[in-house]
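Naming follows writing order (A, B, C and D), and every chain is counted from residue 1.
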Amino acid sequence: MTTQTATAGLQEHGGMDTKKLGVWIASVGIWFLPLLWIDPTTYAVLTVAGLAMGMLIFLTASGLTLIFGLMDVLNLAHGAFFVWGAYVGFSILNGLQQIGWVEGAGAAQSIGSVVLCLLAALVVGGLMGIVLEKMLVRLTYGSHLKQILITMGASLILVEILKVVWSPNDEVVTVPQAFQGSWIVMDVIITKFRVAAIVVGALVLAGIQLVMMRTKLGIIVRAGVENKEVVETLGYNIRRVFTGVFCAGAALAAVGGTMWSIFKEQIHPAMGEENLIFALIVVIIGGMGSVTGSFLGAIMVGLAYNYVAYTLPPLALGANIMIMAVILLIRPTGLMGKE
Amino acid sequence: MAEPILSLAKVHTYIEQHHILQGVDLSFMPGRATVLLGRNGAGKSTTLRTVMGLTPAASGEVILKGQAVQAMKPYEVAKQGVGFVPEDQAVLYTLSVEENFRLAMLSENEKTWSRMETIFKLFPDMKKFWRSKAGVLSGGQKQMLAIARAFVNDHDLLLIDEPSKGLAPIVVDHLIESINHIKNHTTVILVEQNFYMASHIGVDYFILDDGRTVHQGLMDDLVHDEGLKQKYLGIA
Amino acid sequence: MENKTMQPTPVQIERENLHRVRFTRPALWVQLVLVACLIAGPLVVPSFRAMDVMTKVMIFAVVAASYDLILGYTGILSLAHVTFFGIGAYSMALVVFHSGQAAWYHIFVAMALAVGISGILAVALAFFSLRVKAIFFTMMSLAFAEFVFILGDQWHDLTMGEDGVSFSLPGIFSVNWSDGTFLGATLNGRLVTYYFILAASVILFIGLVRFVRSPVGRVLKSVRDNEQRSTALGYKTFHYKVLSNVFGSVVASLAGVLFAMWLGYVNPTSVLGIPVMLNVLLMVIIGGMGTLYGSIMGAAFIQVAEAWLPDLQKLAVLLLPTVEVAQRLAERWILYFGILFILVVIFFPKGLVGTARDMIARRKLRLAQRDH
Amino acid sequence: MANQAPVVQTKDLTIRFGGNVAVNAVNLTVEPFTLKAIIGPNGAGKTTLFNLLSGQYKPTSGSIMFKGREVTGLGAADRTRLGVGRSFQLTNIFPSLSVLENVRLALQSKARVGMVFWRSYHSYSELEDRAYELLRQVLMEKRWAAEANTLTHGEQRKLEIAILLALDPELLLLDEPTAGMSLEEVPAILELIQQIKAARNRTIMLVEHKFDMIMTVSDSIAVLKEGRLICDDYPEAVACNSEVLEAYLGGGVKNG
């Protein structure tokens, strides 16, 4: 009897996998559709741009989804981490510009300057995350309304302080020499930094997956997403895990902000809020708490945004909201969300 | 007489505004499996949860191995050497069986892995489904995983909450056998509604009713005391 | 029937009491005094700035109260409520703007459009709120609000984009119209519009209060308390949620029409922006969720603060002429809103009216205990 | 009585949760104006059966007839309108509303004025008076103005029964009405149930653990075990059924 139920369970398990596979195939396949009205060369350019954009959104969304999945906290201050990361990176680049590491620099110096920017953003974002979690978010566990209000308030404060420290106006970001310009591969123009964005995004994804799947910490975090109480009774201080994940999420958002600022070559204080919308859409599409889901969602959003922006520019964000609405109607918890 | 491994004195616990435990007094002797009995809503599960710090006591004392633990957080209680098996087969469905065990290991060393060998002997299914997601296991297998998971550490005390709930009789028999093996190594406190299971594991028993301790004694005596069973357990 | 001859039950006695004091309740007098002040205001203080603040307080009190109906009474946390307000404002502005010459019927067309569009959208949104988990819905509504904002910002042919739409009102509502004096104040289009908005806001507000005090309002309370039980009593809770959402959204859109009438100008930032939404949310929280009347206090607080906080900067220049950081900080008055958000949520979660009601209830209880 | 259609008739009623069959092919008939008790060990599917009857769950297969009418596809709200009233195992009231308001809401549902949003609820004074009358019936009239969450456990259960009666249901589903009640409070509930039964205008189904209580009030007893109906008979017959006793004891240990 026991074995019988077990095999039944296994079959069910197999069935679930085919379903997931179906989700993957459908969500990949649909992106060949624009080829019907976009010529292949442009399509290729748009696809690279979309992938790059998706990877960058993923950086922000992955933190957001983990924070939500584990802590059940909707962190609307996530956009503030993002914009702070962008401005910290901007300052570092300006500083490095003085010693000639940015404009007219060699490949090593260019890469070095970007890495330095990212590290600085990582540290600043992480610290901000820890402070925010320990000071404010901690007070709001269990009440979504409080979370929304308090993280909103925190977001307003952080962005206003940013305007005091830097300025409320747009700034131009100088892209390090080696990342300027583009390659042309078979008529397709590929901007160098887009490739860099895809590489960084892929590295972060790999890193997160490695930590989540292969380490004890990853097991604890995944277990916490599913059932906090059990994790606590097994002897882990879930609060400390919360702080850690919040810190990591904030750091990732800040890194995303830095990458985004170099990607767009300009920054402004409202960019955090704009990007938060993308990240929210991605998190909803992917399913709260699922890193792979938000990766899938981010790629979808990046691609859809670029294809639609090329065809009907004002509707680009609308298209993403449409995708979100349709996915929610079919799967109310998102592509990879818990049922 | 030896010191009790765990004792509760005048413990009151509220869940929201409900007064669930209304002055529970209990003491558990090391090495003796004890069963908490009582009707639905008598406060048995809450007692275990209060010991673990999941529903903290509003007043009263919980002494674990001579140390007051009523103000401790669940993870601190767990680190004092208490294993907890929550009700409803609370294993982590999205994690593999292996990951469930690794999560439970407070330290992954040779000693814990050698305990795994014992566990595999007790619960061969755990080895068989080592790499499967815990969510695909049957109800009985999940319950065994939940118990085995708590056994993986060298705990002095194991709290088990209604392991038989929702399981087929044949599975219950297997569970009884395994818990009886485990109770040779650690002190087991069991909350159980299934009297058959309770009577086959417990040495001592307590009966709770309306959040109070109303009776205690030796299991062997209770089995033959029809009046008591009918009065408190609704078993005619 | 037989009860009439029998001794009245405590319930009947209580009802009689309530009925007897209905014209002598202090709350009623507070309300009447408030309305009287609003009527006398422009006549006593002939300052345009004061009138402007008063009008905005009235309009936003209605918006906040309609939001409270949804947030406080059905527990649905939507961040797209101001979108309905914006739809109303744009209906008014665009109807006049695109027809070239302002006419009387435009106001009614605008109201009909506002009601129609926001009603349909509210049903659609309410449907989503049932389909997905609460917090998902909140995030979705935020994305939806942002989408409508971008539409207003970028659909240049219809909305004139971020530059916004200027328009004038017909007849005696027109800013250019003027005809002698009235009780000492200049009788002009502004003043007439002010009184129109006053009357309309009072009607809308009473409508909301009525809604909450109706059998539907009672069911909403029960749903908030224990939805499963409501269902088991035979209430189709979803219908109630849809009804109140539609009602609240329609009221917000009508308030938007009023707002556009007052400003004669509409742009995306002022009626569709997320900051406006946050302000409304803050108004409800400051006043107290689920109290309706709190919205008036919240709206007054925020509008007054918004009107005079920028003066803080001048004060900072005056006091600390050499400290640049202080001036820069003073300039960023949204910063203080952010701090306010956090402080209110942590220290004052029930808001002004909610806290006051708690205190009164506690006093009553104490008095009752003393009587026994 | 025989010429009337049974109040409840289930046919092969089954519900599965994943691999677990919680209610398994249950065929149950309840005659009008009788009291049927449902007993069985924990996890036997008693509450699930109630959830199926009241429409909280949809069955995986099988059908439910209520007074000769097929109701399998109807939701909980619709069944309430048809006359199915259900109390919950965990006390289920509106905690922050007054006792009177709790009952009044139930009457309002029955009076079908719920969707009125233009009149003040105060203008429905007859509902308030009826609510007070019902509170008197369950001996709770002194507490009418109290907030429901300030009641004692026993009072809350009485309030629940008053809410239930306000719906004027033809079928009452009582899920452990005495659960969590102190022993002194039990007789009042027992009396209340007997009162309702004596009026002979409602049918009652009762899930209860207190065996002596069941023996006194029931007309018939159905025994569930692991989702299956193993016995449905007169109280005396059930009490002597060995299979039942074994099921109730969880297997193994027999009497004595």
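Just so we're on the same page, contacts are C-beta pairs under 8 Å (C-beta built on N, C-alpha and C of every residue); 3 or more make two chains touch, one makes a residue touch a chain.
A quick note: this is a predicted structure, and the numbers were derived from the prediction, not measured.
Here the chain-to-chain distance from chain B to chain C, counted in touching steps, is 2. The chain with its CA mean position farthest from that of chain D is A. A straight line joining the Cα centres of chain A and chain D is 51 Å long.
If you average the CA atoms of chain C and of chain D, the two centres end up 44 Å from each other.
Put simply, the C-alpha centre of chain B and that of chain D have 33 angstrom between them. Of all residues in chain C, none touches two or more other chains. Across the assembly, chain A contributes residues 5, 9 that each touch 2 or more other chains. Multi-chain contact residues of chain B (touching two or more other chains): 138-139, 168.
Residues of chain C that touch chain D in their complex: 3, 9-12, 14-15, 18, 210-211, 213-219, 221-222, 225-226, 228-236, 239-240, 243, 247. Residues 54, 76-77, 80-81, 86, 88, 92-97, 100-101, 104-106, 108-110, 113-122, 124-125, 128-129, 131-132, 141, 144-145, 163, 167 of chain D touch chain C in their complex. Residues 52, 54, 73-75, 77-79, 84, 86, 90-95, 99, 102-104, 106, 108, 125, 129, 132-133, 135-141, 149, 168, 170-171 of chain B are the ones that touch chain A when the two sit in their complex. Chain A contributes residues 1-2, 5-6, 9-10, 12-13, 216, 219-220, 222-223, 225-227, 229-238 to its touches with chain B in the complex. Taken in their complex, chain C has these residues touching chain A: 77, 79, 128, 131-136, 138-140, 142-144, 146-147, 150-151, 154-155, 274, 278, 281, 285, 325, 328-329, 331-332, 334-335, 337-342, 344-346, 349.
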